[in-house]
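Scrolling down, you'll hit the structures one after another.
Paired with chain B in one complex and with chain C in the other, chain A is shared by the two complexes that follow.
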Partner chain A sequence: MSSPEEKTLILKSSDNEEFLVKESVAVQCITIKNLVEDGCDLDAIPLLNVDSKNLAWIIEFMEKYADSTSTDAEKKDFDTEFVKKPFNDVLGLILAANYLNFPALMDVMCDACANEMKLWSVEQVREKFHIQNDYTEEEEKAVRAENFWAFE
Partner chain B sequence: MDEIEGGNCYWANMPSELLREVLMKIEDSESSWPARKHVVACAGVCKSWREIIKELVKTLEVSGKITFPISIKQPGPRVSPVQCFVKRNRATQMHYLYLSLSQALADDGKFLLAARRFRRPSFTEYVISLHPDHMFRASSHYIGKLRSNFLGNKFVVYDALPPHAGAKMLRSRSTQMVGLKQISPRVPAGNYPIAQITYELNVLGARSPRRMHCIMDAIPASAIKPGGVAPTRIDFPISNSDSFPANPFFRSKPNGLDKSLSMPLDSQRDASLVLRNEAPRWNQQLHCWCLNFHGRVTVASVKNFQLVASPENGLVGAENEKILLQFGKVGKDVFTMDYCYPLSAFQAFAISLSSFDTKSTRE
Partner chain C sequence: MEDLPPPLLLEILSRLGDSEDLARCRVASKTLNSIARDIRSINLQCSYDRYTKSRSPHTRSSITPFKEIFIKLISNLEIVESVSMGVEKPLRYGAYDDTEDEESDLYLSDETFSMEWLPKVCRELKSISISDFWVQSCWRRSDVLSVISSHCLNLSDLDVKNAWLSVDGLNPMPNLTSLTLEFIRLDDEDLNKINESFPSLQDLNLIGVGGLREPRIHLMHLKTCQCIVSNAPNSLAIIAPNLVKLKLVCVKPKLLLIETPLLSDLHLSIETAGNFKVKNLHDLRKLHLESAGLRNLLGTFPFGKTVRNLTVVSTRWEVPVGISKSTFELLLNVFPNVSSLTLTPGAWSEFETYPGLGGLESRHQMKELKIITAYLTVNDIEMTISTVFSILENCPKLSDMALLIHRDVVSNVTNNLISRCMAHCSRIRWKWGLWKEETKDAWITDGI
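Here is the complex of A and B:
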């Protein structure tokens, strides 16, 4: 349980929403940890690349992981539920975790992303990632032959 | 359904180091087949994804994992052999090579190569391909072939691709390309002899096991000496596009990978690796010739063999004892095939197929 003197930080999302988080929880994000250690004296820490939707989720994740009473099994169950989000939210959290330098979240979200991708065909991956297929016709033929062999 | 931030498709612009994290997870977690197909699928998404995947995937020798089709052309791992099995269909004259996926001798497998036997008036030929429905030389799936002489005691293995820079190609009636100078962007299927296999009657007589002798022209004898390397192809050349490496070879060093621009010419001066079969011992009690197949071969057959390096290579001791290829029967039309460095799956398969065709030399 926290002591009355435990420091609280104000994290401000890119859309100007403010969130109160205990410092001991927030410093799981190395970016925030560095700011605190460098003696950041702003009232609120602006997180320019994280909107309120993502920040709320990140705080939820941080608090679960900072909780010393939760077991590994409980964290795993939490992760399983946490990642059940639309795919672009999964990608959004990866980007946010990268910006905040939050290794635990990064790991969980990259795993989730990888697990989703494994269910898709090459065309579906291109669609979900908005990727332009830059193979020539001949190369595409070779890619298809390669995939045929792999899926044989 | 997919949101677009600020009018930009930022997922396509995902920083490559983040994409790399995700692809690395896939490559790491999907190390066995059939799941490993997802690694290949990711490489098929676009060129930048292919670059990342190709950087993450190590050669068969280093990782012990078969990934892309080119793996069947790469030397196996040095320590533990790759365990495979072959299934023959006599009706269609087809032979299928599979990577073993379980401890069972020939049950669960990942398809690697197919071979189809063609009987001609003066020789027999096995066409080897990556696609079981495309068993002809003009196909883009064509890998190579095995051809026997009339007597069925001498065989040559041909590779569709040059084994190294400066390779000499067999001219055949149907070849349109002569020499190595590329006229068209596409690399044509050639006929590069890479191995010669000879079967001889044992001096002890017709009823004793025959002797096998293999000259591996595409592998220098130095490959199995300490610190030796074997030629390793990292990609099939398909066109002059940038997404595929212009120089599809590199040498693998024992401690890691080193990209060099072309195959070293000294591999041509090196003598070819010579293999011979391990001689079975006569077992008085069982009244038969025996080899220790370590449980991987369970049915006696004249086709069964183990290949080791021949003393002709000028090697000493342990280098001559390691079994580089083992092939043998485990059931009707089912055989196991285990191979390791410096042989590739293609070479091992071709050599094993020659064992099917050797005429019985009993007189």
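Here is the complex of A and C:
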């Protein structure tokens, strides 16, 4: 039950979908908090770098974390389920959390990402992060030699 | 798909638990390689795989010695703030079969080895964690604490596991705020050197520390403490004027002294208390009490009035003599203001058999109870139900009842119990779950 003073914000995703969120919940994102404190009087806060898919997830996370009745153990269980997403979506959420400056979400998603990367091969790192091998043949040989022990 | 900018890549790379994973990322691209240079921590764990390869005659020569890799990593980084080295399971505890290991390649708390890397990085080093290989470390006494204390003046966190530590030559470390010693044989039987050398400790964890005789923790700035000792210590004293949270697991010390006036969270597990002296616990809010001699313990506990959140574990069922109060009545006597009560299986069974809820006094004392959590074994469903109903009758403020039923209980009995309870009282928020020894509790969110 929200008190009559409780303000609701409208957050608009990059693909123009609108989401209603209580102000007290939304200000976990420091970007939004700053906008509100600076007296932003727009009808809807446009989040140009966050699409509706990510915004829906972010709101789900925000609401769980703003809930004072949920225990630490419950939050942990929630996190465990929340991060079970395809790796690309994990990266997408990290970017969104960074843009919105949402420390709790950043923490959970970065840990999940690092966890996912355990025991990855060099090829897997390149593939999953969509990065090119920008070493020349000689350079690659040299850097492999330097880190030879990781390939034993 | 937008690529991650370097600061985010750095954030992710610095959370990689293992320097080996990081090394492979460095080979993946130049960008990652240069970002990795800014990481200030080393985390090297010896996997079981690496260990077996180093012992097998076929692969022995192609495996780089663990210590050599570590030294190399140290030399790669400009600034090192955090070092963590250890052996992975199943190499960790004495469970490992290979007891005839005279080598020292994984003897990580070796002070000679520490002299090879500590002096290079000690200036900025804030955190050290060593999880040694018990088989090689348990029979060698190490002076590594002396080396660390003479070099690492900025160290704030120290964590050593599975080693035999001497305190000779230990210098004061006024910047150390967190110390964890786990499965350690410590040559400081009364903890005098520890108290003297680490005066600024805020967090102390002594878990399975052997070699203690009359340990006395006396630290002015200590805020949180975990002390899990065997039955060897004769006495145990904790004097910490700023301590807020304490977990104490001991067996039967002849004297137990706790002087912690600001304590608000206490977890006490004790078989029997000989002479139990507790001074001034006026701020105690949360209490977990576990004992085979619960009734005796309750008798000596004068500071229960402030406790709001109580968990009771009875490891040995005691039959009350004659007309003496039941354990539950005793509990309410000592802790009249509890609003959240958790009764583990032994405690609940005791309560079922000797509820003693008849008297007016009891009714009065249960007025603050709001939440009850209980672990049921349901040996006799009628008994369990009548106990639940009588609690409901006697606790006017009760709003939540969370009951976990043992997994071995036949499902139709479980269903019967649940439906009868929920039908009987709808004003309560019911929460049902399943429990079993050595298994994590599971909650059924929507009933059955």
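Rule of thumb we're sticking to: the second predicted complex is superposed on the first by the 141 of 152 C-alpha atoms of A that agree within 3 Å, B and C clash if a C-alpha of one lies under 4 Å from a C-alpha of the other, contacts with A are read in each partner's own complex, and residues count from 1 in each chain.
Following the convention adopted for this analysis, a contact is a pair of C-beta atoms (placed from the backbone, for glycine too) under 8 Å apart; a residue touches a chain by one contact, two chains touch by 3 or more.
Predicted, not measured: the structure shown is a model, and the values here were computed from it.
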Which superposed partner A:Ile94 touches (first chain B, second chain C, both, neither): both
Partner chain in contact with A:Tyr135 - chain B first, chain C second, else both or neither: both
Contacts of A:Asp67 with chain B and chain C, given as first, second, both or neither: neither
Which superposed partner A:Lys118 touches (first chain B, second chain C, both, neither): both
First, second, both or neither for A:Glu23, with chain B first and chain C second: neither
Set intersection of chain A contacts, chain C complex versus chain B complex: 88, 91, 94-95, 98, 106, 110-111, 113-114, 117-118, 121-122, 125-126, 129-135, 139, 143-144, 147-152
Chain A - residues contacting chain C, complex: 88, 91-92, 94-95, 98, 106, 110-111, 113-115, 117-122, 125-126, 129-135, 139-140, 143-144, 147-152
Residue ranges of chain B touching chain A (in the complex, touch as defined): 1-3, 9-12, 14-15, 18, 21-23, 25-26, 29-30, 34-38, 40-47, 49, 68-69, 110-111, 130-131, 140-141, 186, 236, 238-239, 241, 243-244
For the chain C and chain A complex, residues of the former touching the latter: 1-4, 8, 11-13, 15-18, 20-21, 23-33, 50, 53, 62-64, 69, 72
Contact set on chain A toward chain B in their complex: 86-88, 91, 94-95, 98, 106, 110-111, 113-114, 117-118, 121-122, 125-126, 128-136, 138-139, 141-152
